[in-house]
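Have a look at the structure that comes next, please.
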Amino acid sequence: MKKAELRFTGSGGQGVILATIILAEAAYEDKLQTVQSQSYGPEARGGLCKAECIIDEKPITYTKVGLPTLLLSLTQASLDKYVKDLQDDAVIVVDSEITVPEEVKASHKVISIPIIQSAVEVIKNPMAANIISLGAVNEAMKLVSQESLEEAVLNHIPKGTEELNINALHLGAQLVKEQ
Amino acid sequence: MPSALIEKSFRTKRLPHIWCPGCGHGILMRDVAQAIENCGLDPDKVVIVSGIGCSSRAAGYMNYNTLHTTHGRAIAFATGVKLANPDLHVIVITGDGDCTAIGGNHLIHACRRNIDLTVVVFNNNIYGMTGGQYSPTTPHGEKGTTAPYGNIDYNFDIPKLAEAAGATYTARGTAYHAPQMIKLIEAGIKNKGFSLIEGLSVCPTYYGRKNKKGSAIKMYNWQKDNCVDVKKAEKMTAEELEGKIIIGEMSHSEKPEYTDMYKEIIKKCGGDK
Amino acid sequence: MAKRFQLLQGNEACVEGALAAGMKFYAGYPITPSTEIAERSAIRLPQVGGKFIQMEDEIAGIAAALGASVAGLKSMTATSGPGFSLKQENIGYACIAEIPLVVVDVQRSGPSTGLPTSPSQGDYMQAKWGTHGDHPVIAISPASVQETYNLAVRCFNLAEKYRTPVIFLMDEIIGHLREGCELIPAEELEIVNRGDHNVTGMPYAVSEGNYVPEFACFGEGEHYNVTGLFHDVDGFPTNNNEIARNAEQRLMDKIDMNLDDILDWEEVGTEDADVAILCYGGTTRAAKGAIEQAEAEGLKVGLFRPITVWPFPDKAVEELSKKVKHIVVAEHNYGQMLGEVKRVAKDNCTVDFIGKIDGTTLTPADILNKVKEVL
């Protein structure tokens, strides 16, 4: 596999950090090399939020994402800020409410899906947006096995929300397939 | 010939102590040893923790496990000793500056936790080791080398401070009233929780000289004449109590002790197995 | 049973390693970016019969940890820049009183409150000289989450073996990084416990050819005295200059005479390198990234990384300076280990520096550009 450099962005409270932790945990379970890190400080408490995960078959030296192979953005502001720095063949996954500039669409594969709307209307829980995103990103990038991903999700969610979150994971993948 | 208590409870080879002639600290130190003896504590399980200053030199003379720490931090060190091994009887010997100035924060938080420590404050109203600077217990208006025009700070009432912060036993005694002081320390040791006993000392060298208090004997006589037992004080009017110092047990209450509560946490987590 | 392989943050791995080493006591005060160490200790210690206490300030944190160590428990406290400054006096106390303790400093940008969540290695010199007076120091710096686990064990072992505080000099890069970590159980590790005490009544006496005193824990029946004053072998304070000199000399010798045991470093590809990058801690990751790129471009670049950052590995770096033409020191500060490298390398090779002081991190490209500059 090609070294995957993933940047998840949104606003604080959307759970993008947790999504990268779950993904890294699944990758580790799959015996892949992985590192996860995030921005700390005021921006992680309500403002712009950024978390990163690298997945590779070879040992990972430098721990930060240089140019991402994937950008996930759940808010317009986060897309606007981070869309400039991407690898040429990077994939962009965005919520369908976000406006993606035409030149970006022309140069990158853009997957625009109703993440937040589906969380509210289908899963009936806005907090599930991050898990839907995770399902979508894994479907788009084929990073980790479905079993490991589900197990990692179950490690990190409150008791009683298992079914809801697994459904959210599947829904995310489904949205990408249908796109 | 040293007395049986001195032989048993002190490192006689370390004596005589470094305190000035007339200093009240030697009496207070002996009171602590007598109280430990009266309580029948196993000396192997007694830990004396002290900070820095005249008072804190006491630890080195006493024949127990002794920990002479950094300035102000005795109570924090003692907290670690006690929590690490709750079977130890941990007694802190500290001074007015050590305990209520640089160590004031540790004092109030240890009170708040109600951890089973017995803190005996040798209060000589001055920084003696450094040569007579005013401390948090130097009375308003009195002098120190750093209060040459009179102290404009107001002084702490240490037992009141400790009680307000959550200590479950507080008391005040003096170097002059030795039998009472011993009883107060005993009660503090027996209290399962945080106990603070203020022992009013006498510093003829710095506090006394700076404030024209006369000889050491005169200063002890002052303690005799101006300290009123708390029970007697209850029957006296405000005018009668003007300028007097109240001694005896100031407060005694009960609430769960810190290391006991922590043992419950360990049980709850299965860590006792 | 906890899973043997887990994705952990560096700070979490520090706690797990400490527990494997036998940590039974933690006292501290919350401070970014080390707080996860306190949080995990609060959860984990009572599960293994240990004790956690959040103290009222940083000073009380180290004081309580020292008290617990005197009472016989393996103890740790953790902090970051401002808290590390506050703990310094009691680090010196632990040195002179010879109380085993692990002090973790997850470095952040400073001085003062600085940039609380940004990485830095600005406490390198503070780890050595932070507390007043002449004193020996052992400081260890990890470059990955797994190494954080393994080296936490080593910190405890060294603290117990040499009866001295050991500084675990982490940085935000590793403290907040999540990576896979094997939680090697204690049974598979070398664990050093406090030695059997002599019962001569001379707690600070050492046997011929030995530098480390072995004395009992409080409560075991020996009524000895522990003090931060210079003391004789009996533990009691003294103003005797000869005794003070001997005591100070032994403290220094205790570390200096055991360098073979204490020093540790990673050296890769320096044999035929033109340039060696010298770095430690989290900076190593960018340096290794730079070396990968350099190899791809056909450049011969090696790596020298002190793992024990104090004492400084004088001899090994001197040898390195004779092997290579250039050394590039990379640190997240204004140049602290740089001075040590220059002192040792003298004119054997050129010594250049690349650093960061703005809270951002060095990238492989930053370091590679510097390497190309000096070539």
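First chain written, first letter: the chains are A, B and C, and each begins at residue 1.
Going forward, contacts are C-beta pairs under 8 Å (C-beta built on N, C-alpha and C of every residue); 3 or more make two chains touch, one makes a residue touch a chain.
These numbers come from a predicted model, not from an experiment.
Participant: Graph of touching chains, which shape: line, ring, star, complete, other?
Facilitator: line
Participant: If you tally the C-beta contacts for B-C and for A-C, which one comes out higher?
Facilitator: More contacting C-beta pairs are found at B-C.
Participant: Centre to centre, using CA atoms, which chain is the farthest one from subunit A?
Facilitator: B
Participant: Approximately how many whole Å separate the CA-defined centres of subunit A and subunit B?
Facilitator: Taking the average C-alpha coordinate of subunit A and of subunit B, the gap between them is 61 Å.
Participant: Just the number, please: Cα centre separation of subunit A and subunit C in whole Å.
Facilitator: Inter-chain centre distance comes to 36 Å.
Participant: Could you pull out which subunit B residues touch subunit C in their complex?
Facilitator: 11, 14, 43-45, 47, 49, 59-60, 63-70, 73, 76-85, 87-88, 105-106, 108-109, 262, 265-266, 268-272
Participant: Which residues, counting only subunit C, touch subunit B once they are in their complex?
Facilitator: Interface residues on the subunit C side: 24-25, 27, 45-51, 53, 55-57, 59-60, 63-73, 75, 89-90, 93, 218-229, 236-237.
Participant: Within their complex, state which residues of subunit A touch subunit C.
Facilitator: Going by the criterion above, the answer is residues 21, 24-25, 28, 33-41, 61-64, 66.
Participant: Quick check: in the complex, which residue numbers of subunit C touch subunit A?
Facilitator: 5, 7, 32-33, 116-118, 172-173, 176-180, 282, 285-286, 288-289, 291-292, 361, 363-364
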